[in-house]
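Same chain, two partners: chain A is paired with chain B first, then with chain C.
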Partner chain A sequence: MTALEELFRVPHRTENPYIKDWKGNGGRVIGFTCSYVPEEIIHAAGLLPYRIEARGCRETDLADVYMHRFNCTYARCILQEGLSDRYDFLDGMCLLNGCEQIRRLYEIWDAEHKTDYMYMVTIPHSVYDEGLAWYRDEIFNFKEKLTSDFAVRCSKKDLQNSIQVYNETRRLIRELYELRKTKDVPISGSEALRIVLSAYVMPRETYNELLKLALHEVRSREGNSSYKARLLVGGSAVDGPELFELIEGMGGMIVADTLCCGSRQFDMTVSEDADPLDALTRAYYVKNPCPRMMNEYKSRLKYTIDAAQAASVDGVILQKIVFCDNHAVDGTMLADDLEAAGIPTMVMERDHMLTDTGRLRTRVEAFMERIAGR
Partner chain B sequence: MNNGKDRTVFNNWRVTVDLANFVLEQDGLTSLDDWGGKEVVREILPEHMRNVFDRVQPDLIDCILKDRNRRTASSFLNNVVKFVDYCEALMDDNRPVCYHYFPISVEILLAMGIAPICYEVVCGLDSALYIDGAEAGIDRIEAEGYPDHLCSTQKGTAGYLLMDMVPKPDFLVKSATPCDSSNKLYEWTSVRFDAPLIMLETPYYRNERGHRFAVGEVKRMIRELEKLTGAQLDEDRLRGFCEVGNETVDYILKIQELKRKKPCPDTGWHRPADTIFMTQIGTPFGKDYFRTLYETVKERVDAGVGIIPEDKKERRLAWGYTWEVYDLPFFDWLEQEHGATYSLDTLTYLSPEVGLVDTTNMETMIEGLAWRLLNMPMGRQTMGFSDVWIGDFVRIAKEYKIDAFVIGGHMACKHFWALNKLLTDKIKEEVGIPTLRFEMDMFDKRFTPPSELKRIMNEFFATV
Partner chain C sequence: MIVLGCDVGAMAAKIVLLENGNLIGHKIAAAEGKIAEVVDTSIDRLLAATGIGMKDIHECGGTGRGEKYISFAHTGEGLMNCLARGGLWAVPEARTIVDMGGLAGTVLSINEKGKVLEYRSNDRCAAGTGFFLELAAQALELTVDELGPLSRQAKGRVQISSQCAVFRESEIVTHVNEGKDVADIVAGINHALGLAAATMVRRLGAKPEIVVTGGVAKNEGVVKALEANVGMEIKAAGTDPQLIGAIGAALGAASSSQRRETG
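Let's turn to the complex of A and B:
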């Protein structure tokens, strides 16, 4: 199996060979749920950060006991996987008050899953100096509790090393995104997404080595220009390739995104010169903001327009998981302003579990007809 | 600053209150049917009241005409007009309009001569008064593509803003919790109307660190308001409003104490009304409303009477989350039909921990207002870990000798829907009382119509 094929696999959480190896060697795994949790802290403490996802979740019967139908299916699917014992490999869990549904997972998970180490990092809802100071204290407290509970070290040098490792990932993924900006696209959006998602479920050093090799393979591939339209996908968290596959199955080519697990996470660089905790805090706090950050709409709009123009897209699909208020409002606002800026945009509602694929295909097809050959 | 136009909603409220006063002044009028029905009453009304009369909920008129409701209904409605007068006078004086979130105590805005319009009250009051509630506003914003799962209280007002029915904001003040829906619709308003949005972060922890941070947030809000208005916050003016606010809080806490009595001396429809006036703590009309309420409740306690018919056995309910506002007479019906009284809910429960604001100097007042920010209803329960919410209602259920725990879950409140099982489980475990949960939209009757509310309650009482 080549490195590229390996990264395309995105192993399921219960059959993840990297996790099995890690645990088999006495390693411990810390789950986290939001891109505002600095993974470097966990990594520097010698623990394996694992971004919680719910790929493959097909029902929410257990989660529905605790979370109502008005809660988004992303949160419910994560809970379902937890209650189905498919996260038993976790030694700890760090949540963040990213949105009101994910933050409430904390109490339910704590009560029902019994993960030994539970922690909540909180981040203010807007970007300003006092908020930065609060968030820094939060990250410091997280580090202290983590190292104390797991009896591990997380020195300044450890943090500096982790920042370098994670910056390397960001640089490599940005290279991958650059390759997708060409007319003859060497890798589909769903393949690229698989590569990106793999970063969250394996030791980062291993991932970086695989990605370096995979990039060579991507560069040597023949480009594809037989698509109907170049697309940017934004909106709610995407933790599996199915949605991208559905869109590309209709002739689209996803060449850019503004997702929290995608470009928004890798478009930043953490300073390697400053105090590592300060550098992490600043980088994560001021990065391209999630819609939960207030007074940042204009920067989100600019980020989206810049990304769309840089990748020469024909249109933007803003997908939102039902009952996600942050993306529901932001997506609708963005759609109006992107259209005004001459970028055709479709807002598409979906569940985390892609059940109504017929409706989604019809909507994508109609959008493609509108924008193809413009 | 605001040009003072777009007062359609305010004007409707004013006419509605004129109408209420008119019917309350009619000797011997105890219900619309007494006078031959709505059509007959319409004919005797002054011309300018007829359009509004057609919109006002007939059951609400019947409700306020009952002897037990007249005094507080009159206070409620007339103080609404005083609030409108107050805001309009400021707007006429070219003072800025600030839309603020309901758990924010407004003394600082008042002291700076800013017209404080609570974003949520605009929609809430229309929902309470009119047959069609704030549906026009809700439908208007949804027509822009904003989905039905957003909170209707902001949607209604947002729609009214688009329809030029309420004054445009010069700026907005919002606390960051409890929900994404409200945050996002404030941000939408800010962007759409080019009005700066001041976000007050509410720390997740109720400890010294959290309080210190909140104090810093209030100070930051003051700095930003001073920058926006070009005026400085005056200590003496602030003290004056804080003193009025303290008196108001004192009345609220005393009323809460009196509600421990059996039978309950206070009627349930006051709770939505309380929320409206809790947004005006610091104003003389807010104080006047709660003083009237306190005096009314105290008189009942002193007379040893409750709010339910003497032949009814009392069933004491705590509403573990919200009330509904689109059918206020529903609470009157609960009391009369089922003997079901209403103690407290998340939107009006003011924890005694809130205390009073120390008015010694500017610093102590800011500290007190920051503490209040952390303890205002709903903000207190929802800004951090769920143990505060659960703890409050386990205590209430025990101390107020609650017989059943009712949760009318507002469909937009995702944080609540992810908590309700933990809350009801704890109530059952610690207090051992039955719980009822149902879905509704607090401000939009189309979601769970009044007839369905009654069916749910009838079934519940038949079962328990």
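Let's turn to the complex of A and C:
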């Protein structure tokens, strides 16, 4: 199996050989969700950060006992996987007040004692100086609690090393995104997404080595130009390739995204010169913002337009999970402003469990007819 | 003593006649058009069929969301109490009643006297109701009655997991267009409904015996899915489960009449 094939695999959490090896060697795994949790802290403490996802979840009957069906399916699917004991490999869990759904998930996860170590990092809802100081305190407290509860060290040097490792990932993934800007696209959006998602499920050093090799393979691939339209996908968290596969199955080619688990996580660099905690705080706080950041709409719009233009897209699909309020409000505004900027945009509602595929295909097909060959 | 019970639900009007606590006749009619007329006509037909005159009826009890459409004098009571009383009439050991009606799914926890201790309801969502079964049957060009037996022929089960009845309908259409086996689709529909009911039972905490009532309870596929997901045996009501609310209303009217008479 080549490095590229290995990164396409994105193993299911219950059959993840990297987790098995890590745990087999006495390693401990910390689950986290939300792109505002600085993974470097967990990594520097010698623990394995694992971005929580719910790939493969098809039913939410256990989660529905605690969360009503008008909570978002992403949070409910994660809870379902937890309640089904499919996250038993976690030694700890760090969530963030990214949205009310995840905050609620934290409370239930904690109440059900699914993981012994639980922590919630909080971040203000807007970007300002006092907020920066607050967030720094939060990250510092998280580091202190993590190191004391797990009896591990997390020195300044450890943090500097982790920042370098993670910056390397970001640089490599940006390279991958650059390769997709050409007319002959060497890698489909769903394949690229698989590569990106793999970053969250294996030790980062291993990932970086695989990604370096995989990039060589991508460069030597023949490009594909037989698509109907070039697309950018934004909106709610996407944790598996199925949605991208559905869109690309209709003739689209996803060449860019503004997703929290995708470009927004990697389109930043943490300073390697400043104090590591200061550097992490600043980089995560002011990065390309999630819709949960209330005063940042203009920068989100600019980021989306810039990404769309850089990748020469024909249209934007803003997909949102039903009941995801952050992306519902933002998506509506973005759609109007992107259209006004001359970028055709479609707003698509979906569930995390992608079963209502006929309706989605019809909508994508109609959008593609509108924008193809413009 | 003969008492009449009438439960006017969102999709059907159910009328029963009890004599000394025994069911001696019943009538179920679709609650469509002018519902007050449907109720009146149904009662006339039931009386004609059983040979009982209005003057023979000692007391009348009414319940359900359409209780206001019952034109004759009756004792009105909330559906929860009627389900509890009717459930206990059907199965004396019943402590949990799972009512799967046209408009809502409700789970009740009751005591040995038929008092409602607690309940959960999904009355904001059609995805777990009889109405969804109607939609599903229409999408498959079947009748609702066929959905239960058909799931017995299923070799597999398609996934129906949208959160909304309307999206679920389009999910079913997708499966049909993809050429999936109809029996497998029906099994998926029944499973989804059983799972939704099981979730409410878990939320409340299941206490045996569990009895299912309501029109959806006639669908064996849904009941089996509920049973499998709750992990406890579901007791059959022993009579048409759709009548339980009306029976409870009749019994309630009878006991309030007795209370009046005994002073």
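Here, the second predicted complex is superposed on the first by the 372 of 374 C-alpha atoms of A that agree within 3 Å, B and C clash if a C-alpha of one lies under 4 Å from a C-alpha of the other, contacts with A are read in each partner's own complex, and residues count from 1 in each chain.
The rule is short, and it goes like this: a contact is a pair of C-beta atoms (placed from the backbone, for glycine too) under 8 Å apart; a residue touches a chain by one contact, two chains touch by 3 or more.
Keep in mind it's a predicted model, so treat the numbers as computed, not measured.
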Chain B versus chain C as contact partner of A:Val196, first or second or both or neither: neither
First, second, both or neither for A:Arg103, with chain B first and chain C second: first
Which of chain B and chain C A:Met294 touches, first, second, both or neither: first
Between chain B and chain C, more extensive residue contact with chain A: B
Contacts of A:Val322 with chain B and chain C, given as first, second, both or neither: both
Touched partner set for A:Glu59, first chain B, second chain C, both or neither: second
Chain B versus chain C as contact partner of A:Pro124, first or second or both or neither: first
First, second, both or neither for A:Thr357, with chain B first and chain C second: second
Chain A residues contacted in one complex by chain B, in the other by chain C: 65, 70, 322
Chain B-facing residues of chain A, complex: 65-68, 70-72, 75, 97, 99-101, 103-108, 111, 120, 122, 124-126, 128, 130-131, 134, 137, 291-292, 294-295, 297-298, 322-326, 328-330, 332-333, 335-336, 347, 349
Chain C-touching residues of chain A, taken from the complex the two chains share: 58-62, 64-65, 69-70, 73, 322, 351, 353, 355-359
Residues of chain B that touch chain A when the two form their complex: 144-147, 149-150, 174, 176, 178-181, 183-188, 190-191, 197, 199, 201, 203-205, 209, 213, 216-217, 220, 385-386, 409, 411-415, 417-422, 439
Touch list for chain C against partner chain A, complex: 122, 124-125, 127, 159-164, 167-168, 170-171, 173-174, 177-178, 195-196, 198-199, 202-203, 229
